[in-house]
Structure formats: C-alpha cells, structure tokens
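Two complexes follow with subunit A in common, the first pairing it with subunit B and the second with subunit C.
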Partner chain A sequence: MFKYVVRRILLAIPLVLGISFLVFGLMYLAPGEPVRMLAGREASPEVIAAIRQEWGFDKPFLVQYFMWLAKVLRGDMGRSVISQLPVAFLIKSRLPFTLKLNFWATLLGLAIAFPLGVLAAAKRQTWVDYVASALALVGMSMPGFWLSLVLIIVFAVKLSWLPTSGTGTWAHYVLPTAALGFSWAAGLMRMVRTSLLEVLKEDYVRTARAKGLRERVVLVKHALRNAMIPIVTGLGTWLAYMVVGTVIVETIFAWPGLGRLLTTALMQRDFFLVQAIILMISVAVVAANLLVDVLYAVIDPRVRLS
Partner chain B sequence: MPSFLSRLVQHRLATAGGIVLIVLIAMALFAPWLAPHDPEAVHPEAGLHGPSWEYPLGQDPLGRCILSRMLYGARVSLSVGFLAGVLSLGVGIVMGSLAGYFGGWVDLVIMRLAEVFMTVPQFLLVIAAVAIVGPSFTSVLVIIGLSSWTGYARVLRGEILGIKQKPFVEAARAYGASDLRILARHVLPNCLAPLIVMVTLNVASVILLESSLSFLGFGIQEPQASWGSILSQGRAFFQTAPHVATFPGLAIMAAVLAFNLLGDGLRDALDPKLVEGE
Partner chain C sequence: MQQLLSVQNLEVSFAKRPVLRQVTFSLAPGETLGIVGESGSGKSVTALSIMGLLSWPGRITDGKVLWHGEDLLQLPADSHRQLRGSSMAMIFQEPMTCLNPVYTVEQQIAEVLMLHQGMNKRQASEAAASYLEQVGIAEPKARLRNFPHELSGGMRQRVMIAMALAGKPELLIADEPTTALDVTVQAQILDLLKRLQADTGMAMILITHDLGLVAENADRGIVMYAGEVVEEGTVSELFETPAHPYTQGLLRSLPRWGEQQDLLYSIPGTVPRDLGAIAGCAFADRCPLSSVACREQQVMHMLSPSQAARCRMVNAQVKEGVAR
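Showing the complex of A and B:
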C-alpha cells in the first residue's frame, strides 16, 4: 500500500511540471511580449522594465520558465496589476468562500445522486426510473448559468424567500449551493445507475438473491460496493465539474470566492492572478486524482497488488 | 449497417433528439428567411419589451428582436459546436493514431501531453486562452477544438493497440503496404465506431462551453449573437425582463439534450451488447 502511494506521488511530479509549462506558455499566446500582458495595459515603461528584470523576461524562453517556476515554488506568484496586492494573499483570502460553497454543493449532490441512482437501478424500467433518468438528462443538458438565473427568478424575485446574491447568512448559501449541486448530481446519478445495473447482472448478485437475502441487503452490501469502482472514477471528474460550476455560480451570485476572482481578473486583464488561479486549481486536480487512486486501492485490493 | 440504422430509429429517444436537431439546424440554415426582423436593428426606445405579435419572443435591452437574434445565434452556436467538434476529432485522430500505431517514445510524449490537457480544467484553459488571444468566433472555435482532443486520442490509441496485431494488419504489412496506407485503409476504419458516439457528446459539451463563455463575456462578441451572448445581454435586467434570458436558455438546453440523446442512442445502436434489457 505504502509503495503504491509513493509510486503514484512520484508519477504526479512530471505531470505537475507539464501543467506549469502549459500555464506559463499561455502568456505567449498574446501578441507582443508576455511581460506587457503580465504588467497590465496601463503599465509605465519603468514598471514593465522592473517586471522584465525581476522575472527574467529579457532571457531565453526556457530560462524565463525556470526563473518563473523557482519563484512560484517559493510561493511568489507575482502581484495583482490592479490592487498591487500579492497574488498569493488574494487567493488565500478568497479560498475559504469557495471551499465552503463547494463543500455544501458536493454534499447536496451526493445526497441527491446516490439515493436516486440506486432507486432508479433497483426499479429499472418503471416510472421511478424514467422520472429519475429524465431528470438526470435534463440536469446534464441545462446550462449552469441558466439554472442559476431560473432559481433567482423563482425563489428570490417572485417568492422573495431568499437573497439574490452576496454572502453573510445561511440563506445566502441556499441558491448557489443548489445551482452548483444539481448539475453535478445529474451526471453522478446516471453514473451510479449505470454501474449498479452493470453489477446487478453478475452471478454473485444472483447467488445473494438465491440465498434469500433481502433485496436491500443485496443492493447495498453486495451490488453497490462493487459498483463503487466506476463511481469513484466518476468522482474524479467531480473537481472538473465543480471548477466550471464555481466560476459561473460565483459570478452570478456575487459570491466572493476564487471563481469570481478569476472572472474579474480576466475582465481586468490581471494575468499574474489568472495564471496563479489556474495553476493552483490544476494542482488541486492532480491531488484529487491522487486521492481517487488511493481510494481505489482501499476499495479494491486488486489495484494495489497489481 | 441497415441493422444499425434500424436500431437507431427504433431508439425512440435518439429519434426525438435527431428530430430536434434537424429542426434547429433548419432554423439556423434558413435564418434569413425565417427571421421577422433584422437581428441587428436597434430600437432603444422599445428596449426589454416582452413578447408581442410583432416581436414573438420580445426585445432585448437595445430593442432588437430576440427571435431574429436567436435564429442567427443558432448559426453561431451550432457551427461552433460542429466545427470545434470536427477540429478536435481531427487532432484526436492524428494524435491517437501516432501514439497507438507507432508506440515507443511517440506514444509516451503524446500520452503525457494528453494527461496535462486532461488535468488542467478545460474551461479554465479555454477561458484564459480566449481572453488572452481576444474573444471572437474564430478564437473560441479554434481554442475549444484544440483543447478537447484528448478523449478521442486515448480511445483511438486503445482501439489501435488492440487491432494492430490482428492477422489482416500483418498481411497488409507482409505485402509491403506503407505505414500510412495500413493506418488509413486497414486500421482506422475498424476503430472509428466508438469515436462517432464521442463526437456527438463532444458537440453537446462544446455548445455548453461556448454558451458559458459567451454568457461570461469571453465568447462571441456584440453585435454578433450566440445563444449564450443573448442571454448575457439580458443578465443585468432579468429580474424585470426574464424573457431575454429564458428563450436562449431553452434553446441551449434543447440542443444539448438533443445531442446527448442522439449520442446515447448511437452508443446503444453501435454496440447491441450494451442495450439494456438484453
């Protein structure tokens, strides 16, 4: 087990390097020198010269990359062009809001997807299954920003039960959490249903039923546990869903998290900040995938032995 | 093939998806004849008017006809979907073939690259790249197309690995066919079925992606319309004039749902083993 985890971590290092290279290279898509992108549109020649000096933009490409990487590894990701605050500080101040929102949305998604997915698989080809599957398909096809707007129109404007935007009380959490959780739950529910159906065809399920076990025990103890492997893989895409959702939902609900920080930074062409946010989220994805791999090994002994 | 088509037609949901798509495509193609007004004609005094006989879906904040803008917007949204889908399929086929057929360090480099692209959330990569290059129809299309090839490449690589040891490939090699010919004539045609399903689902996700970008202001720019950008126009006013956001949202949902249904149907029809209830 230990060896398996260490090997996974070692394999993640070149991946993180590749990601950093891609994120650094993004700035080269801009016409002209990347330093002009990073310094902002209104930067004076002195500021540009200072940044060029500090980050080595007068040196060859690879030297620039390694100078940048060395700074990033020490936690220096530059300063915001707009507020002049260190990028790391800005991210740190916004991160808790995003984490809290994502936590509740994930919980909501799990609470919807698992019961509905299991129910749809257990009652296959009955109206329960049709309704649940239809909901999932619609949920997957609905743009997150549109769902957010509909929720605001119904619950905040027409019924005035909940605030339209901002943060502060628990009531502020309800709509963004719902908007973020629902779209993810839709995809996950389909995954739970399909993998459970796949497992329910297996011989050991027939055996369990033949033994006279109650259907609930068969479903949860025998089938669901074995269906967990594809589902855990599906959880690996959880972060990708959440990232897109967070950017959109936070922007619509004026939620002061990383997603809104990113859209404002893009709007203001504050690219040190954009770079840092993308890099940080991508590294978080690597970490999440690592966690999923370890989870696999915990659930399925075959994985860690091979 | 006939049995494949009949299975697809028998798949009722897929048929429904196909019909919705044909309607949407027809709307896009015939937009100039169907649109009741010039999509760019501005009437500021009539901004945000709700649906009426003259303006069936109402008017946007600048008083432009939402129905006309949506018909022209269908052209933009659907062509971004199709073209980016085709572009990423093309890149995916090249990358996947190289990796699967040649193996070795080519395979290693391409698969590492794919891993990097799959780890950085595509949405972030696309939104940042579009913002840096400058948002436009072309930049959105090309950047989305170039960033969604990884799924195709991985699946194709797997298929090729399974097929390149088969006797008919060895036979082709034995009579002296070139690598390119073997790949194009013998290997690829046997690997394309799973990719067809992927293209359909990919187009659905591209349409969603483009609409999200345009909604946030990093996609299609004024005065050109896409479903996402019309919605974005109405965003500031949707509490008082919800019609501006409602109709484009429904159109996006219909298109994405249709592609998803068609993709599900294609998957079932191409692989009868997967059909439920068997």
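Showing the complex of A and C:
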C-alpha cells in the first residue's frame, strides 16, 4: 500500500515537469509580447532592449524556461506585468474565495448525487428512478452560464431573495454554489446510478442477499463499495470540471476568486500571472488524479497488489 | 413425517413470460433432493424462489412454498429475510464471483455470525476460524485475512460453504456447486457437503445438470424440463425404471462404463423458448412417443408411492400393467 502510493507520487513528478514545460511554451508562443505591456506603447527601442534584458526575455527559450522553473521551485512566481504586485500575493488573496466556493459546490454535488443515485438504482424502473433520471438529464443539459443567468433572474431579480454578487454573507454563496454544483451533481448522479446498477447484477450481491442481510446493508456495504471504483475514476475529472465551472461562475457572479483573476490576466496578457495560475491548476489536477489512484487502493484490495 | 419444505404448484414469470409451471415437490428434514435439468429448465429459479431471492423482472405468480407448514410467500419480506442465511442457506455455481472482492474472508463470514447468532466482533472472528476449519481449510487463522482474489476456486467454494454453515441452516441449497471447479476439487467439495450433512443433519437440495452427481449424492430426485417437474422418484427409481421419455433420453445420453459407443446419444431438437405458447407437454416436439393427445395439459401420474411422471403414456403403461 505504502509502496504503491510512493510509486504513484514518483510517477507524477515527470508529469508535472512536462506540464510546466507546456505551460511555459504555450505562453511563449502566444501572441502579444509582454515587454510591450511593460514598456508602454511609446517606448524607445533602447528602453525595450533594457527591459528585455532586465526580465530575461533576450535569452534563448530553454534558458528562459529553466530560469523560470528555478524561480518557481523557490516559490518565486514573478510579478504581475500590469500591477507589479508579486504573483504569489495576488494568488494568495484570491485563492480562499475559490476554495470556499468549490468546497461548497462539491459538497452540494455529493449530497445530491449519492442519495439520488443510490435511490434511483435501488428503485430502478419505478417513478423514483424516472424522476431522478429526468432531473439528471435536465441538469446535465443546462450549461453553467445559462443556469447562472436563470438563477439570477428567478431568485435575485424576480423574487429578490438573494444577492447576485459579493461574498459577505452565506446568502452570497447560495447562487454561485448552486450554479457550480448542480450540473456536476447531475453527471455524478448518473454515474452513481449506472455503476451501482452494474454492480447489483453481480453474484456477490446475490450472496449478500442470500445471507439475509438487510437491503440497506446489501446496497451500501456490499454494492456501493464496489460501485465506488468506477465512480472514483469519474471523480478524477471533478477538479477539471470545477476549474472550468469556476471561471464561468466567478465571472457571472463577480466572485473575487482565481477564475476571475485568470480571465482578467489572460485578457491583459499578464504573462507571469497566467503562467502561475495555469501551472497551479495543472498541478492541482495531477494531485487530484493522484488522490484517485490512492483511493483505488483503499477501496479495492486487488489494486494494492499490482 | 412433517415436511421441512413443501413447494406446491409454484408458478414464476419473467416479465409475463412463464418460466415455472406447477412446480411441486417436498423435502423431509435431513433429506437430500437432487434437481436435474438442462440450463433454462427452471432449477435455479425454483431455488431462488424458495430463498426469496428472485429478482426483477422475475415474479412468483402462483403457488405456495411451505416451510415447516408456513407459506413463505405470504410472509412479510422481512421475516423471509431473517430465515435467509440462518434457517436456509444457499451456495452458488460461480465461487470466483460469489464472494465480495473488497472484503476479507473473515469480514464475510463474521457478518453472518453477527447477524444470525448475535455474536460480537471478537467472538465472530474466532468462530469464523472454526468454520473454516470445519470446511477443511488449512491454516484457518491466516486464511481469514485473505481477500477472495488470493484464493483458488475450490477454496472460495469452501469459504462459501463455511458462510452457509455459519447460520446453522436446516436446509442448504447447492446450485451447481461444483460445475465451475476442477474434477478432483469437485469430488472433494461433494464429500465435504456429505460429511457436513451427516454432522449437522441439515437437508440439502442439490441442483445440477449432472445425473451422476444425483445418483451418488441424493436420496430422491426430480427431473425438470422447460419449467415443469416431469418426473420425481427415489434415485434408484429414476435410474432403474425411468418413466418419462425425457428422463429416459437423459439416461441414454450418458456414456456407459464398458460399453463401446461411437457416438453418444443426444435427444433430437431443442428446448422450447416460449412456454406460454405451449398448453400440453413441453417435451412433445422432441418425444418419440408423442401424439395429438400430448398437446393437452398433462398431469403427474403416480407409478409408485414415491415415483411419478408427467406423461400420459405412463398412465397408459400403468393401466396396461393393471389389465395384464
């Protein structure tokens, strides 16, 4: 078990390095030279050359990459080209808001998806299943931005129950959390239902029933534990989904999180800030998948062997 | 003697398609009953109906399953559940897939002990080891910590049997318990079942498509064909004086010791698919003796106090015998 985890972590290191190279390369190739942003439109060629030298843009690509990498590893992600503030400071000030939003949205999604998915599988081909599956289909079919707008129109504009922007009270969390959590919950619910139905056909579920166990125990202890294997695989994409959702939802609800920081930075070609955020997200996704691999081993003893 | 189990006119449908028709048989305490038939003849469905494990879309449409004289089909589902795994236990054909892959042997056996014998975790853990010992597993303490994938097929079937024993059953239903195992392991498992039966006095229903297993292990047997019991009798009656043409065909298709045969006999034709469309004898299409009268509903005809067959020709034979 321990060896398995260590091996997974070691395997993730080259992956993260590869990602960092791609992230740096992509920004390098992207149009819009950051020096122009730093120097301003009217700058003379001498000034531009001086800035190039100061920021290291005159060096060959690979040298620039390793210089950047060495700095990042020391925790120095550079300064924002626009505001001149350290990138680390900018990220640190925004990260908690995104984390809080993602936490509640994830919790909401899990709280909806698991009970409904298990219920739909246990009562398959009854009205319970039909209603739950119909809800899932609707939830999955609604794009996040559209759902956000509908929520705003209904609960903020028409009913005036909830605010549309700001982060001050719990009420501010309701709409963004719902917008972010619902469609994820819908997809997850379908996954829970499908994999549980698959497992319920297994012989060992029949054995569990033949032992005289209560149906609840059969479902949760014997079936769901096995159904978790494919479900956890699906959870690997959870963070990737949350990132995309966060960018959209934060923009619509004017949420001061990383998603909005990223969109603004992209539009302003804030070179180092974009690199840092994308690198961070990538590492987080790798970490999430690492966690999934470890969870496999926790759930399924057969994985621990190999 | 008071019957342990008595199945009366049991009818089961799968999504309105009949799969069991008028299945009737009974079982005394301690007795071994063999149920023989091809795949799809309704052997397993019969067993699952007794256990209350028939799953969607299967449904019992008629009949009774009397357990100590009480109809299980009228019982609340939860009362039937409490009998499962304690009074009546079942083992299955596929030991490879019947154990839960994510729990240890100990967890899976202890679960039964805690549920039906009210033991706590520590007691259950100790008792689980003794049950493993009882089913002939060496180093039971070490095996308890194993996961199913670490055991061989024969070992897993022994674990299944240990789990069944843990409820102290009066009836063990063994549904093709050795079909998926090596021949040598098959013999060991059957010997084990026999020994355990002698030790505990439990009754057993042995479901198989192998006539030989019934001959060696059962007291009585019933032959099923297309969802019906076509013949019933003691093992010697079934093998020495088979009455139904299907039973006779099955016996003819067995290879015989010391007999030179180029080709084994096989019954011509196949099992009918839609039983709902058949009013009379389901075997009539493949039967060498069939006539128009076979297309009407058939009943069981008694040949002796213990033997009966669902064939009108049997009735004719018996009458002939009486007339002569």
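A few comments on the model shown:
Keep this in mind: the second predicted complex is superposed on the first by the 281 of 306 C-alpha atoms of A that agree within 3 Å, B and C clash if a C-alpha of one lies under 4 Å from a C-alpha of the other, contacts with A are read in each partner's own complex, and residues count from 1 in each chain.
Definition applied: contacts are C-beta pairs under 8 Å (C-beta built on N, C-alpha and C of every residue); 3 or more make two chains touch, one makes a residue touch a chain.
A quick note: this is a predicted structure, and the numbers were derived from the prediction, not measured.
Considered on the superposed subunit A, subunit B and subunit C are sterically compatible, since they fit side by side. In the superposed model, A:Q125 makes contact with both subunit B and subunit C. Which of subunit B and subunit C touches more residues of subunit A: that partner is B.
Of the two partner chains placed around the shared chain by superposition, subunit B is the only one that A:V247 touches, whereas subunit C remains out of contact. In the superposed pair of complexes, A:V192 makes contact with neither subunit B nor subunit C.
Of the two partner chains placed around the shared chain by superposition, neither subunit B nor subunit C is touched by A:L108. Between subunit B and subunit C, an angle of 80 degrees opens at the CA centre of subunit A in the superposed model, to the nearest 10.
Look at A:V23: by the touch rule set out above, it reaches subunit B but stays clear of subunit C.
Judged by the touch definition given at the top, the superposed model places A:R302 against subunit C, while subunit B stays out of reach. Of all C-alpha pairs linking subunit B and subunit C after the chain A fit, the shortest spans 8 Å.
Annotation: subunit A residues 124-125 touch subunit B in one complex and subunit C in the other. Chain contact summary for the complex, subunit A toward subunit B: residues 14-15, 18-19, 21-23, 26-27, 29-30, 37, 124-125, 137-138, 140-146, 149-150, 152-153, 157, 164, 197, 239-240, 243-244, 247-248, 251-252, 262-263, 266-267, 269, 271, 274, 277-278, 281-282, 285-286, 289. By the touch criterion stated above, subunit A contacts subunit C in their complex at residues 124-125, 202-204, 206-214, 222, 225-226, 299-302.
The touching residues of subunit C, when paired with subunit A in their complex, are 51, 53, 55-56, 81-86, 89-90, 92, 94, 97-102, 111-112, 115-116, 147, 149, 160, 163, 167.
Contact residues on subunit B toward subunit A in their complex (touch as defined above): 112-113, 115-117, 119-125, 127-129, 131-133, 204, 208, 211-212, 215-218, 228, 231, 235, 238-239, 242, 245, 249, 252-253, 256-257, 260-261, 276-277.
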